[in-house]
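Chain lettering (A, B, C and D) follows the sequence in which the chains are written, and residue indices restart at 1 in each chain.
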Amino acid sequence: MDFVVLGVVFGPVVLLLISFLIPQGKASRIFIEISAVLFFVTAVYLFVAPSSNMFNLYIPHIVWKLITLLTAVFILVRSILDKHYIISVLAFTQSIILAVFEILNAPEEAVPFVSFNYDGKVLLVAGSCITAFFVPVTLIYLKKYFSQKKAVKKQEKQVEAGILLLMAAFAGLAAANSFTGLFLFWQWMYIAVRLILRAFQSSERKTAAVVLVVQQAALTVWMASIPFIYQKTGSVYINSLDAGFGESRVVVAVMAFALTIVSGCLIPDKNIWQDYFSVPAPVSGIITLIMSVLSPVAVLLKFGFLFTGLNNIILTLVIIFGSLIMAGGAYYSCVSRKAAQILQGILMSAAGWGITTVFVSRESMFFTVGYTAVSSITITFLFACITILEYIKGTQDVEQMYNLHKEMPEMAFFMSAAMLLFLFAPFYSALQRLLYVRFLAENPVSMLLTVTALVLVSAVIFRWLSVLLSAGDKTSIERDAYPDVFRVILPLFFVFTVAANLSFGSIYRYFRQQPIPMGSLAAENIETYSELEGFLYMLKPGKGLIYAVGVIVVLAACFYILQRFGKADKYTGNTDSRVFYHYSLTAWIPAWVNPGLILRAAWISLAAIIAGVALSCLK
Amino acid sequence: MSEKRSASLLSKLSGFKSMGFELLLMEASEADNKITVNYLLEKEGQFESVDITVSENTVVPSVTLVFPRGDRMEKDIEQRFPVSFKRKSDEMPHEEGYSLIDWGPFHPLLPEPVLFHILMKDEVIKKASVETGYNCREVEKLCAGRKVWDIPGILEKVSDANGISLSLAFASAVEEINAIDIPQKARWIRMIINEMSCVNANLQGLYNTAQCLGLYGDSVRISKLVGLYREAAELICGHPLLFGIIEIGGINKDIAKDSFYAANAVLQEIENELTDIRKKWESTAAIAKRLRTTGFIDSETAMTASGRLARAAGNAVDSRKYSKLPYTDLSYTVQVREESNCYARTMLKFDDLSQSFRLIDRGIESMPKGEVKQEAKVKKSGEAIAREHGADGEVIVRVRLKRDTVESLFFRNDTSVNISFLPGCLEGTELTDFPLIVSGFDLDLSGMEK
Amino acid sequence: MSWLDGIRAKSISVLQINAGGCTGCTRQFQAALLLDSGKGITLTGNPRHADVLFVAGCINNKSADYLRQIYEKMPSPKAVVAAGTCACDGKLFRGEDNGISTLDEILPVNAYVRGCVPGMDEMLETVINVVEDGYKEYKDG
Amino acid sequence: MLEVILWFIGIIIIVPVIYLAENIILSAIPGQNRSYPIQPIYRLIKHFSKTDLYNRPLTRWFPVGACVFALVTLFFVSAGENIMLIISGLVMMELFILVGACSTKEPYGIMAAQRGISRLTVWSFALMIAAASLYKAAGTLKLSLAIQYSGESILLSRLPLVTAGLFTAAMIKGNLGYFDFGINANTMSFLDTALYTPYGGRSLGFVQLTQWIETGIWLKLISFFLPWQPLISFLVSAVFYLAAMLLNAVVPKMTWKKVMMNSWIWAGGLPAINYIWLYML
């Protein structure tokens, strides 16, 4: 088993254990920052280096199983201490099944237990870069946050531990090859999120608890289904699934899908998100990015082959569900005024994109991976920006960003550049590729939903841009409130974001050169597909480079002018400019229409239909 | 001002209200650092007057608790005299998520300068307040101390809508004091002139409404009609706005009947065009719907209102009832509608127009021959209140004469009553409907602010 | 008259403002626009789109500030036309202490149209001439 | 290449011609204001001959950027490029105009920008659905390839509602008829659209030039769906647009929320219905 992979998966955990030893404070923050950077470096190494068998070390399966069992037991104990008895019951069942089936029955595990394929590597790089750049910002922010909240050090430590565990779980999910592995790493994800949420008591709400319970229930079902799958196929190795069982693969596929949706909390319903929204901006950003965007896509990519073989009904339904998530995210980004919530919505939309297109064809899979990675990096950058804003100005309200170009010109410039880079994915490249994606193009409903989502997202970005680019009069902050760490990190992150946006074409090419791993898929009209032009997501970096450089230069010029002559010159007799708040983009919808309600009804009924169809396939 | 006195004042006023009296006008006068506020109450032509004398910079209880229509008059007094009224302030609260914008004072859809402060969210008005004083010329002050003979010439220029009615009212007040009875023909001509000025004002109101509805073509048509009207007016007295004809004791030049006939022909032309426009507005669903859905005022509010606002709510206020002009010799009905929204007001404008046309027509028919002016000797001092039919309601003039000089002059039109209800009516409406509602109130601010 | 002024005079957007008082003059101008001699003159509600500021009525201290603001918002070259007795020399309503001022005390006036109310054709001719003469400011004598 | 250049010029020319026709017809109708036949052009020259005065420095540059984008997009249209390219060009152009309006920091300017953003969602939705159904019907996104299908009137027969929706979107962009997003309820005339409240002088000239070009782009886009010769179908769409402009004078204005509803129903709903209906065939 590749040592590096193990390093990626287990490194954070080890570091986590160490971080509990070192005292709380600056030391531990630096420590975690170092570990995040290490994580990033290792991931990049994994991506560029051919899988080296130099230092292999073999971990017997029993170790993995014991780890799994320990995790389950830990959750059991923890939940009993927290008096979450439902969860404890579920955890108990899980551990029983694990003990009986995995350890006594001792099925043949996947070899290797964790390994990355190409999609996984890309996502891993994206996620690790997010953590590397975003975690320090988060930590500095949290320091201030907790000091204001007069919270005990314990909570800060909880969050840090949670972040570390989140990394580990994500790496594991991207790498896991067996059902047990998926179970294990989803559990880690669960623990991490739980840790983080516990740190902010305010978000310990009812629905949060409900969501956690549902996640555990899904995991239990998953665990319980493993023995049956083992009976059918004789292994718990994911890729060995299509051997053997016939129609009931539908059930497995739907189960995998459902597990991903539930544990990724990818449900287009405001009430369910809110508990993740209500934690401070950066933390909610990290959770959404890792748990709701990258991990689900990474997991579903593993099951892609399962879906492509399926009958169209179930696939259609699943795709519609994905596009529903997309539309829902876009809608919620429209209605919310806080920058963090807007970004959350856009992230949800991106995740929905991934889920919509991931099953469909190899080409679109490549595109999806790239799109998910790049857009999540771009949005993380925006997250970092608004985190710093909230750190300095105490507000992340979009309305308050009028004179940002005076207070923090470089940040305003970075933000708008990133937005413009993001803007062209929907408007130029995406739709073309959607049209070439077979199932999506044959699916008018999901197509309409997708287009709506694209339009709404771009409208939100427009509103934001129009605020950023408009001049204000007075500056309200003092510059020395701007920590030097930010001065270093922000430009670095920006450069990386632009690079990621531009280099997507080469990532795409890199994919096409790779020998296709796991069950091969027919790539329909691959030639036309790869010939599609686009400003950003193109094969050759030529056009994209010109476009992006052009955008950045123009913006820089704009901001220079704003800086230079920005203040109200010529005449100031403008008494009619009073307080002005922007409209909500859905103000025109009549009162008797409630899109949130419609969305809820839609996803519930869709879920029901999917379940029904899946069960009907069981003969 | 002590609790006891204010309580007694309010109880007295509410007592009058329970007897069916309505506040007609409020006036203040200053004498050796004492300010006397005078409430004039009226019920079917009989007057009751309540006075209260306070020293400077005292807070007087607001009459709006009893008579809501007194709001604007109190503001007028506050502007001129060092007293203040205990009224709930119309300060704009600044709220999170609500935009605070100004509308006016100069806007293409506002015929007269007035400033609105609007607190709104997503273009739905939450609170609105009116700020006036942009065409305040202190006419009353200017008139005080002048000779009687100059005053009609000033008053008729005060406002386009009600100027003629004002100077007519003034003339009849002076004539009442000095017991001058003017020749019959002059009375009839005055009546015709008054109605014509009403026609002018209502045409302007319709023009404004058409503009607010975004009906470019119709607004152009109506302003063509305004041009026609001015031709008619010039035919009668040589001035497009009928200026310079009213005089104490009659009118200052005889007008041949033929010129009236000629003018009437033009007016008929206008009427035909108007009926055409009215048909279009009634039959076009979009227009009728938009007018019907805006500017609703509940009935008990409208009961305290006056003029066309009240008539649109089914409250038959006859503004011609106390006029000195020979309306009583002609039979006419008070135009009333029930809906009390912009549609009712707009259609009432059409009704009033056609009524004015009819009155003018019959007035010309039944105009006697004879003198139009008799030698007026203004010697007596005294005080009189004259009420005259104006374009959208009633104008009231209160004159105190010392021989032939005006000691004090006070006048008000219905706008000063109705504008108090405007902010309440605006709440909860769309910003785009807002000018439409304002035009439905047909404000005559220059007549109100003097 | 340069060719540019000739072209400008063929498309004049007038922002007419009734600063206060009877609305006779502005109404008169609206009616006048329908005459053939009013060709090319359009009303606009937006100072940024306007070429000629057409002011009528009495100007008191309160409305004077707003007039200045509106004038500043107009893109130059721009002209100001004072219409009617009130705006030209506030004769009738101008007392010692009632704060009424004439237009030329507030803005640089390019042309006056006197009379109460001025004739339609006069108004139109004045507006067109002001533009044709290249927005020259009015000089006495 | 020559053909492309000819189209480029033709599209730029057609819009003033439409305005002239409108002017002539309106001044012929009794009860409408009298104006010179080529007053729109006079007005444009006048605007360019004026300075623009803002308290915000960037405001006068955004319209220039918008104009540049419009020209580029116009070139793409006349070359029959990929429709998505055209859409993104139009969107970018709109962005520049809206940001310019927003950057004045005057309430009515910001209101205009807000409405513009809401408006953007409608017409970009219509355009993207139109693109999708074009691909469904013709199998390509390149207009120059799609036009051969339209020649055999396949497009119009399969995408009638899309064409109607596109035309409605063009009306929305022109603030015509029931689709008027103007600020003050009376938009004096088409070239004086109140959505451009904060612009004045030279930059207003640029904005209006942009709008001319944009209208031409829309007309050309619509003409791709019409079955006749390219020139003829272009003229036909122009005539339709002229009719819409003449209608504008007699249609009452509504609140922008109702306008928004109408726009979604007509510009968003029709293409969507047509798109779904394509699968029923």
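Some notes on this structure:
To be clear about the criterion, a residue touches a chain if its C-beta (ideal position, glycine included) is under 8 Å from a C-beta of that chain, and two chains touch if they have at least 3 such contacts.
These figures come from a predicted structure and were not determined experimentally.
Centroid distances from chain D, each centroid being the mean of CA atoms, peak for B.
The most central chain, judged by C-alpha centres against the centre of all protein C-alpha atoms, is D.
Chain pair with the most C-beta contact pairs: A-D. Centre-to-centre separation between chain C and chain D, using Cα means, comes to 35 Å.
Averaging C-alpha coordinates per chain places the centre of chain A 63 Å away from that of chain C. Chain A and chain D have CA centres that are 38 Å apart. Remark: chain A and chain B have CA centroids separated by 67 Å (rounded to whole angstrom). With touch defined as above, residues shared between interfaces to two or more other chains in chain C number as follows: 33-34, 43-45, 72. For chain D, residues that reach two or more other chains under the stated contact definition are 33, 53, 107-108, 184, 186, 188, 256-257. Each of the following residues of chain A touches two or more other chains: 571, 574-576, 578, 580, 583, 587. Interface residues of chain A facing chain B in the complex, by the touch rule stated above, are 337, 575-576, 578-581, 583-584, 587. Across the complex, chain B is touched by residues 17-24, 26-28, 30-34, 43-45, 57-58, 60, 62-63, 66-67, 70, 92-93, 95, 98-100, 116-117, 120 of chain C. Contacts from chain D toward chain C in the complex involve residues 33-36, 39, 42-43, 45-46, 49-53, 184, 186, 188-189, 192, 194, 197-202, 204. Interface residues of chain C facing chain D in the complex, by the touch rule stated above, are 4, 7-8, 10-11, 13, 33-34, 36, 38-40, 42-49, 51, 72-77. On the side of chain B, the complex with chain A involves touching residues 94, 97-102, 121-123.
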